Amino acid sequence: MTGPIITLLTDFGTRDGYVAAMKGVILDIVPNAVLVDAGHDVQAHDIQAAGWALAQYAFTFPAGTLHLAVVDPGVGSSRDLLVATASNRIFLAPNNGLLHWVTRSAAGFSVHRIRDDICRPEGKSTTFHGRDILAYAAGRLARGFDTIDSMTEPLEELVIPDWGEVRSQGGMLVGEVIHVDRFGNLITNVQRPHLQETRWRTLTIQAGGGIISGIQKAYSDVRRGEPLALFGSHDHLELAVNRGSAAESMGLKRGARVLVQIEL
Amino acid sequence: MTGPIITLLTDFGTRDGYVAAMKGVILDIVPNAVLVDAGHDVQAHDIQAAGWALAQYAFTFPAGTLHLAVVDPGVGSSRDLLVATASNRIFLAPNNGLLHWVTRSAAGFSVHRIRDDICRPEGKSTTFHGRDILAYAAGRLARGFDTIDSMTEPLEELVIPDWGEVRSQGGMLVGEVIHVDRFGNLITNVQRPHLQETRWRTLTIQAGGGIISGIQKAYSDVRRGEPLALFGSHDHLELAVNRGSAAESMGLKRGARVLVQIEL
Amino acid sequence: MTGPIITLLTDFGTRDGYVAAMKGVILDIVPNAVLVDAGHDVQAHDIQAAGWALAQYAFTFPAGTLHLAVVDPGVGSSRDLLVATASNRIFLAPNNGLLHWVTRSAAGFSVHRIRDDICRPEGKSTTFHGRDILAYAAGRLARGFDTIDSMTEPLEELVIPDWGEVRSQGGMLVGEVIHVDRFGNLITNVQRPHLQETRWRTLTIQAGGGIISGIQKAYSDVRRGEPLALFGSHDHLELAVNRGSAAESMGLKRGARVLVQIEL
């Protein structure tokens, strides 16, 4: 019998031993857990980037997978810690917006608050709830020592971050860059349905002083070093440069405005 | 039956395939090993940082866990390779101080020297004992092909690093920064007992020209961007900035002097 | 029964969730797979560095291991995806030279092209074949749902990269730096047989304006900070600096010319 799958996403890096401390706590409770590193190089305190990353993999894992995500600048304050379920996966994370993209793409989202008395027998520090509460709670759930019901209480209010919605304005779509990936691809909040994809005749994208015409199928549809727009693996509109970095060559960061003009 | 847990900590990074080479050696001997990446982004040759990281997770893992730690600037020289046991965990590492913090926090420490004839059948290089000796030895131990006794001999002298002890001077405690973590938190060698915590009335910390008064419970006890002192998850005195980097804003590095004045 | 071992090497980094998306696809098909991170910090699009890294670990793993390697700047173009076998390990990678060093060091290399209809039921994006094809194919092979024969067709032409061969010229060997590792060691394409090792009396290496005499056994055979040459763990001639970075102190990068003069 294969053990329960538990993924870990943090902004801890791996050079301080913090992630490993969490892994130890989990394996001490559930020795046959299948621990999967999702990533620990999210920029420190960058909830938005972590939330985006989480949505890229949450639902490729089998039902029953437990996803632990710890980017927690409010550790030690009164912020809640959550256990959520969405499309038959279980999520543990602080109540700070980290689950935003997951909740948007999932069916049947429900969320609960971890009770204040839940922590490992050694007690809880004020600076490392990833180890003292979340890893411990994940282990207990995975092992079957607790259920979501037995360790949670109702949540008062889920934090809904304000990360920019697409607007219509003067015949244009006004979107923004919501994630810049390792390759410098600029991922926007514009999705397929926004573009009424099958109906437009011409489409022009303005961003950072540059203009891109039309939507390509693949990076290689333009010459090396040329900019393009396409729908990425996440079905969001993405600005890219073939074998290059759009972030660098267009000088854009997260939050940059992206205008899309469509002629039907 | 779950296989033996083996953690890996190195300064190898992951872009050259060196860590994976060690994983292959282990899995070739003990296919059901549970390999756990503790971290590979320790700065090259930084024994002190690796030793600190190791102590953060060594004892959250279940008894019987085998911790492999390879930061080995003396590879190929006559330095010893060690197998140590502490609090029922097993450690394999070079004899260069890497086990310092573990030995300080553990009960029942004993240490042995790996014999010179222990190496994988392919032979040993002079530059990669992590692969040729330590991973091989870890695999043999984990599989039960060898015992500590069968692969070691007495150690002549354990290297004790000189990483700074807290001193009392002119009514002050003189400590120093012993680790700077990914978030820029400055971890000092001052521990709870040094501060006679329950007894002081006022406490002032001087470091790098700045002054911090009192000890907080959590980062969020001060305003965003403000400095503070607290006991971190490791029970050492830590200088931090709420949602910021103390290392950056105070301009301090490892080795920086930290003065603590207590009025009882 | 231990599950099949599948290693992953990519240039994806770990902060965007891309690697985790692949892991989810695999575990969804073969829940008892033993996933091994080989590394994800290869520089973006650097096929040559990835190919070198792969060769460092491919054959330390047990026979039957499945090595997945995704550095794929041509994703979405008509480039092939490969399944290869070499020395009883299985490799999945784009047809772009990534398997070059593996094929050179392996016995019994054979290679096939993954058919265009192979992709996960969700369909294939044009930007992430690591997830939609390669991880899926790896999972199917590992689980036994497919065989190499059932998912491939003959390959027309294997891409053979032009990464520099050692030449003889004017009584000298002319080689080059083919990899710079994390420590700044300069690994060259000169191998033991080139040097007729047992026969030379004096040997001089010229690189980047510096001259190194003789070949040492270990880094520690010279003083700290001094340059040296030795055969690394891969049996290639390597230029290094004891406890320092040869790349930095000699100012050399990949591709730099290395001249070796031998007197027999």
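In this document, chain identifiers A, B and C correspond to the written order of the chains, with residue numbering beginning at 1 in each.
Here is the rule we go by: contacts are C-beta pairs under 8 Å (C-beta built on N, C-alpha and C of every residue); 3 or more make two chains touch, one makes a residue touch a chain.
On a predicted model such as this, the values are computed, not experimentally measured, just so you know.
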Superposition of chain A upon chain B: rotation angle, C-alpha, nearest 5 degrees: 120
Residue-number overlap at the chain B/chain C interface, same or different (half cut): different
Centroid distance [mean C-alpha coordinates] between chain C and chain B, Å: 31
Shared interface positions of chain C, touching two or more other chains: 37
Of chain C, residues touching chain A in the complex: 3, 12-25, 27-28, 31-32, 35, 37, 44-45, 73-77, 125-128, 131-132
Interface residues, chain B side, partner chain A - complex: 2, 5, 7, 9, 34, 36-43, 49, 52-62, 65, 179, 181-183, 217-221, 230-233, 238, 243, 245
